[in-house]
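Letters A, B, C and D mark the chains in the order given here, with residues in each chain numbered from 1 onward.
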Amino acid sequence: MDFRFSTEVRVRFAETDAQGIAHNAVYLVWFEIARIDYLARFRDGYPGLRAEGIEALTIESHVRYFAAARFDDTITIRVRCGDLRGARFRFDYALERDGTAVADGWTRHACVDAQTHRPTRVPGWLAAEIATAES
Amino acid sequence: MDFRFSTEVRVRFAETDAQGIAHNAVYLVWFEIARIDYLARFRDGYPGLRAEGIEALTIESHVRYFAAARFDDTITIRVRCGDLRGARFRFDYALERDGTAVADGWTRHACVDAQTHRPTRVPGWLAAEIATAES
Amino acid sequence: MDFRFSTEVRVRFAETDAQGIAHNAVYLVWFEIARIDYLARFRDGYPGLRAEGIEALTIESHVRYFAAARFDDTITIRVRCGDLRGARFRFDYALERDGTAVADGWTRHACVDAQTHRPTRVPGWLAAEIATAES
Amino acid sequence: MDFRFSTEVRVRFAETDAQGIAHNAVYLVWFEIARIDYLARFRDGYPGLRAEGIEALTIESHVRYFAAARFDDTITIRVRCGDLRGARFRFDYALERDGTAVADGWTRHACVDAQTHRPTRVPGWLAAEIATAES
């Protein structure tokens, strides 16, 4: 898969568990950090989306764990956005450490009105910026 | 210290870290569970407080760690509330496992208006119920 | 899907996020709690597995989020285990609140030697107990 | 208090709670990040300490919360180490956002043998490096 953007996280001690490795749930937190860093390049990013009264809910998530991530490891998260259709969009992720695949996965999201939690279209400016970034 | 109420938590695997023990930050989550269970006996408890438009902010916290807590340990949390003065109150905690002291600590809180985050008095009904419970 | 076992979690305040709902990563923590409660019925359960020098790594996880879970909600987690093949097995989950589907998902796991992290077969006693429980 | 070292964290969405602010337990995770970044300047830092078979347990923690930290805020954590006596040492922290005090606190720690969890002196090289850094 073709990724044009990446960000990094360093594994926190608090993110490890008694197996001595990063806990499996933490990967979804890292995915979220990657999404937010991805969107931060556009206008006001995810905080801007929230300021418009729009929340992006996570409606599905998937992770494949290939190799353990350990305390203090620097993990590169490659991330791309696509499949924008109405209120919905999808992110794909690939995690690496020194060129070794650590994990990959994807999440699907739906924009909703922050008050009513009813579906609302992805704002045009954001759809346009993502289309440009991924083209 | 005299405690009239207690609740229990079982150490989750996700709460352990690479030292093989419960992470030090998790104790503040357990303190919060104990506060919420404590308040749940009164009217609508903490959810009821929030429904009245009041948030209880944590303004100070203190933990002393005596013995490691490990995965699957059942921890008894003794808890009491006191020092109600205007908007402020305090909780004390003592954590035990099979009679062994694991940790203790306290937190201080301030009631604020959920919208403005300005201080607001502890509701009279709650102050009265706590006074009765602790007398 | 047919589930013969279930457990419960109550949504912790610390598990909510600024959307006012349980954070999407927390579901994987709840899945883990359900697995551990499921296994706790057999011999020494997951702690017993670890005492034998075996770790069960999570190698894949999937969650579909249907409805928001909120602070203090009681969530019933139905859980079943299957697809035992050599070192690997799979858990399925269905989360409900008062009969409403909140989420579902599955995780896949591999038993490894705790020291070497090399694959090792699911112990015979555990495979037998799971087969009995699910038959 | 005089601080010669600082590091930064950006508030993660997963670190917020339904009050819309960073959860009170997260500050202890940030303190830990600051400790680890502080130690990373010396030899192999905290991972190096662990490689020597030494764990640094947290034996006490204290936080004062002055102002809410919100999603995407950049928090500067000033940190210093002192009070080295035998196996024990102490860290102090001051958290700021754009010059505004957000929180402060301290933690106390004890070095223990990773296997036996018995107290062991802070390694001489580390005591010397901290003394130099803070003088």
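By our rule, contacts are C-beta pairs under 8 Å (C-beta built on N, C-alpha and C of every residue); 3 or more make two chains touch, one makes a residue touch a chain.
Model, not experiment: these values are computed from the prediction.
Student: For chain A, which other chain has the most distant CA centre?
Tutor: Farthest by centroid: B.
Student: Hey, which pair has more contacts between C-betas, A-B or B-D?
Tutor: B-D
Student: Report, in whole Å, the distance between the mean C-alpha point of chain B and the mean C-alpha point of chain C.
Tutor: That gives a centre separation of 28 Å.
Student: Averaging over Cα atoms per chain, report the distance between chain B and chain D in Å.
Tutor: 24
Student: Between chain A and chain B, what is the gap in Å from one C-alpha centre to the other?
Tutor: 33
Student: Can you list the chain A residues in contact with two or more other chains?
Tutor: If we look for residues of chain A contacting two or more partner chains, we find 13-14, 25, 29, 32, 71.
Student: Going by the contact rule set out above, which residues of chain C touch chain D in the complex?
Tutor: Residues 13-14, 16-18, 20-21, 23, 25, 70-71.
Student: Under the definition above, what is the set of chain D residues touching chain B in their complex?
Tutor: 19, 24-26, 28-29, 32, 55, 57-65, 68, 107, 114, 117
Student: With touch defined as at the start, can you tell me which chain C residues reach chain B in the complex?
Tutor: Touching chain B from chain C are residues 12-14, 29, 32-33, 36, 46-47, 71-72.
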